[in-house]
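Below are two complexes that have chain A in common, paired first with chain B and then with chain C.
Now for the complex of A and B:
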C-alpha cells in the first residue's frame, strides 16, 4: 500500500513538473495550439471543391457533410495520438549522453516519458478546449447530433488507446537510436505513411478495394481513422469490438517492443558524448 | 571491507573507422570497418569506505569510462566490479538509490524550471522523507550559499551556480558513494575553490566514499589523499600524492647562485633548465645530486644553493607522456 502511494506521489510529481515546464513556454505554446486550427478552414474548402468538381453528392459513401464531420473528429484523434519530437528527442538523448540520467536514477525512463506526454496533452487540451468548442459549435451543422453513450464510451476508449499506441510506436522508433546514429529519415517515412494511411488525410474507405484491407492490417488506422469511424457510427457492433480489441493488441505489441528495444539498447549503449 | 571492488575490468569500444573523402563515405554505406578500441584494460582497484580517491589521467585515459562502468551506465567487455555489493551494470533500483554521479559537462536539472522543482522531483524519485528532504536541502543550500537562487530558472544561472545546484541534486538522497567526473571543469578559480571547499567539508562530515576525476591538480591536491593515475586504460600508480614524486620524480632541480657576472658552462652536470646571471637551474638525476654539489662547490664560488623536488604537475605530465610513448611502441 505504501509502495503504491509512493509511486502515485512520484508519478504525480513528474506530471506536475512536466505541466510547469510546458507552461514555461507560453508564446510557443499559444501559437502552436492556435495554428492547429488553421488547416480546418482549408480542409473544409478543399472537400467542398472536390465534391463540386466531381459533381457527385456522395464519394465512397461519404457526403460533403460527412467528410467535414470526419475531418473534424480526426483532428481530435490526431491531437491525442501525434507525438511531436518524441522519437527524435530520444535519439538525441542517446547521442549526446543525456539519457544517462534515466540510467542512474531509480526511475523508469519510458514511464517518465509517458507522464511527460500526458502532461503535454493535458496542457494542450486546457488551452485548446476553448477554440475546439468554438470550431465545433460553428460546424455543428455537419453533424447528426451526439452519438449514444455506448458509442461515446467506445470512442473515448479508442482515443485513449490511440494516445498510447502513438506514444509506444514513437518510443520504439526512438529506441532505434541505440543502433543507428540518426533516425530522422525513418521518422520522415513514418510521418508520411501515418499521414496517408492512418486516415488522417482522408477516410480509408476512399482507398481502392484491393488496397484497403492491406492498409487496415497496419496499426496506423488506430491512430486516427478508427476512433473517428467509431464516433461517426461507421463501425458498430461486433466490428467495433473487434476493432477495439485489435487496437488494444497493437498497444500491447508496441509497449512490449519498446521495452525490449530499451532493454537491449541499454546493454549496447556506449555512452559516448561525455 | 572494500566498498568498491574492481577486478580485471576491461571495456572496449567498437568504433567506426572512416577513411577520408567522399568516396569513402559512399563506400561506408555498404561496407563499414570497425575497430575495437580499448578504453579500460584490466583495471584492478579496491576502495575502502570513506575514502576520497582521485583519478588522474590525460584525455582518453579511461577515467570517465571507469566511472560510467561503476555507475552502471555501460556494460564492461570483461571483468567484474562490485559497489556496496551490487554489480553496477545490473542497474538494480536498490543500487541506484545509494549512489550518485555528477558530470561536469552534463546537466541533470530541468533547464527551464527553477532548481527547486527538480529537487522536489528528486525527493519523489529517491523516496526521501519530507522532513529529511527539507533538512538536507537546507543544509546543502546553506553550505553552497544557494538559498536565493532556488526559485530562478536553471538556464539563467551561471556555470558555477549551476554546478553547485547539480551537487545539491546529487546529494539530496544522501548517497553513500559519489562519482564526480570533472566537477570543476570550465569554472573560474573562485568557483573551483568553493566547490573544493564544499566537497572537502561534506566528505569529512558524512564520511562518504568519493571517486573524483579531474584535470586540475589543485582539485586533487586539495581533496584527495589517495591518487590513482590512469593512462591508456591502465593504472600506472595508486598511492599518496606525495609518494608520486619519490617514485616517479627521478631527478631534482638544483639552483646555484654564483658569484660574479660571468656564467660558467654547467651543462656537463645536468640539463640546464634556466640560466639568468648569476643564477642557473639544473635538472640532475637523483643519485648524482651529492657528487654534483661537491664538484660545483669545489670548482666555483657559490653564494647560495637550493635543492628542490620537481613540480608535481611536471612529474605527472612525465608519467602521462611515458605511458603514451609506451602505447605507441609496437608490441
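Now for the complex of A and C:
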C-alpha cells in the first residue's frame, strides 16, 4: 500500500514539475498558438479558389465548407498527436549518456516521458483554448453545429488514442538511436510521410482509389485524418467502431515495440564519461 | 614606405572563402550530405504531388485567373527556386545569429574588420539545399515546355533578376526578425512567425480576395512585401504580361530596395542595443 502511494506521489511530482516548467513561457506560447492558425487562412483561400474554378459542389465527397472544417479539426488532432522533439531528445540522451540516469534511478524512462508529454499537452490546451475558441467561433459558419453525443465520445476516444499512438510511435523511432547514433534524417523522412499520409496535408479521400487503401492500412491516418473524419461524420456506425478498434491495436503494437526496443537497447548500451 | 592597397578586405574573396569552407565541411560528412539532399527533395516531391492531386479535380486554381496546371507549375517551380536559395544562403546564418547574441559570441563578429551584417549573413552556406534548386529548375523546364505561349526575351531576361529580388526581400525580412533577438533574447516564436508568414508567399496573388483575403493581400504586398517574391517572376514566364502588370514589376524593384534599406537600419539599431553576454 505504502509502495503504491509513494510511487503515485513520485509520478504526481513529475507531472507537477513538468506543468510548472511549461507554464513559465505561457505568453510566448499563446501567441505561438494563435500564429499556428495563419496557414489555415491560405488553405481556406486556396480551396475557395479550387472550388470556384472546378465548378463542382463536391470534391471527393467534400463540399467547400466541409473542406475548411476538415482543416480546422485536423489541427486539434495534430495538436494532440504531434510530439515535437520527442524522438530526437531520446536519441540525444542515448548519444550523450544522459539516459543512464534512468538506469540507476527507480524511474521508468518511457513512463517519465509519457507523463511529461501529458503535462505538456495539458498546458497546451489550457493556454491554447483561448486562441482555439476564437478561431472556431470566427469559423463557425463552416460547421453544421455540434455532432451528437455518441460521435463526440468516439471523437474524444480517438483523440486520446491519437495522443498515445503519436507518443509510442515516436518513442519507438527514438529507440533506433540505440543502434544508429544519428537518426535526424530518418526523423525528417518520418515527418514528411506523416504530413502527407496522416491526412494532415489533405483529406485522404482525395487520393486515387488505387492508392487510398494502402495508405489507410498504415497507422499514420490515426494521428490526424481518422479522428477528424469521426468528428465530421464521414465515418460512422460499424466502420467507425472498426476504425477505433484498429487504432487501439496500433497503440498496443507500438507500446509493445517501444518496450521491447528499450529492453534490448539498454542491453546494448554502454555509457562513458562522468 | 609601402602603403597597403586597401584598408577594406575584398568582400568577394571573403565570400569565396566562406563558400569553400562550407563546402569542405559538407564534404567531410559526404553520407550525411547525400541524405540531406534526398530528404529535402522528399519535401519538394510531396508538395508537387499535392498540386498534381488538386489538378485531378480542377482545371484551374481560381476561376479565370489563368493558373491552370502548367502555368501553376511554373509558379510552384519559382517558389522552389526562391526558397532553395533562401535555405542555402540565408537560413543557416539567421539561425546562428540569435545564438551568437544569446551566448555573447557576437563580440567576435563585431571585432573583425569587416561589415558585421555581411559577416553574419553569409558565413555559412548550406550546399545540400541547392538540390532543391535543381529540382525547381527541372520542374520549371518541364512546365515551360508545356505552356501555350512562348515567353518573350525581356521576360526571360527579367526572370532571374526578379528571382534575386525575391531572395533579397526574404533576406531583409529574415534580418529584421533575427535583429529583434537583440532585444528579446529568445525569439523562438519569431522564427515560427517567419515560417508562418512566408507560407503566404507560396500562393498566387489572385487567391487573396474577398473579406478574408483582401487584408492579407494588401498587408503582404505593401507592408511586408512577401507576396511579390514569387508572384512577380512567375508571372513573367507563366502568363503573357498584361499592360497594367508592368507596374507590378516596377513596384517589386522599389519594394526590394526599400526592404533592404529598412532591414539595414533595423540591423544597425540592433547592434547599438547589443550588450555582451559573456562573463
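The rule we apply is simple: the second predicted complex is superposed on the first by the 261 of 274 C-alpha atoms of A that agree within 3 Å, B and C clash if a C-alpha of one lies under 4 Å from a C-alpha of the other, contacts with A are read in each partner's own complex, and residues count from 1 in each chain.
Rule of thumb we're sticking to: contacts are C-beta pairs under 8 Å (C-beta built on N, C-alpha and C of every residue); 3 or more make two chains touch, one makes a residue touch a chain.
These figures come from a predicted structure and were not determined experimentally.
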Clash or fit, chain B versus chain C on superposed chain A: fit
Contacts of A:10 with chain B and chain C, given as first, second, both or neither: first
First (chain B), second (chain C), both or neither touched by A:150: neither
C-alpha centroid angle, chain C to chain B via chain A, nearest 10°: 90
Chain B versus chain C as contact partner of A:59, first or second or both or neither: second
Which partner, chain B or chain C, touches more chain A residues: C
Partner chain in contact with A:46 - chain B first, chain C second, else both or neither: second
Touched partner set for A:249, first chain B, second chain C, both or neither: neither
Closest Cα approach, chain C to chain B, once both complexes are overlaid on chain A (Å): 6
Common interface positions of chain A, toward chain B and toward chain C: none
Chain B contact footprint on chain A (complex, rising order): 6, 9-10, 13-14, 17, 20-21, 24-25, 97-98, 100-101, 103-107, 266-267, 269-272, 274
Residue ranges of chain A in contact with chain C within the complex: 28, 31-32, 35-36, 38-39, 41-42, 44-46, 48-50, 52-56, 59-60, 182, 185, 188-189, 192, 195-196, 201-202, 206-208
Complex contact set, residues of chain C against chain A: 32, 35-36, 38-39, 42-43, 46, 49-50, 53-54, 56-63, 65, 186, 188-189, 192-193, 196-197, 199-200, 202-203, 206-210, 212-213, 216
Complex interface listing, chain B residues touching chain A: 13-14, 64, 68, 71-75, 91, 93, 96-97, 99-101, 103, 105-108, 110, 112-113, 117-118, 120-127, 153
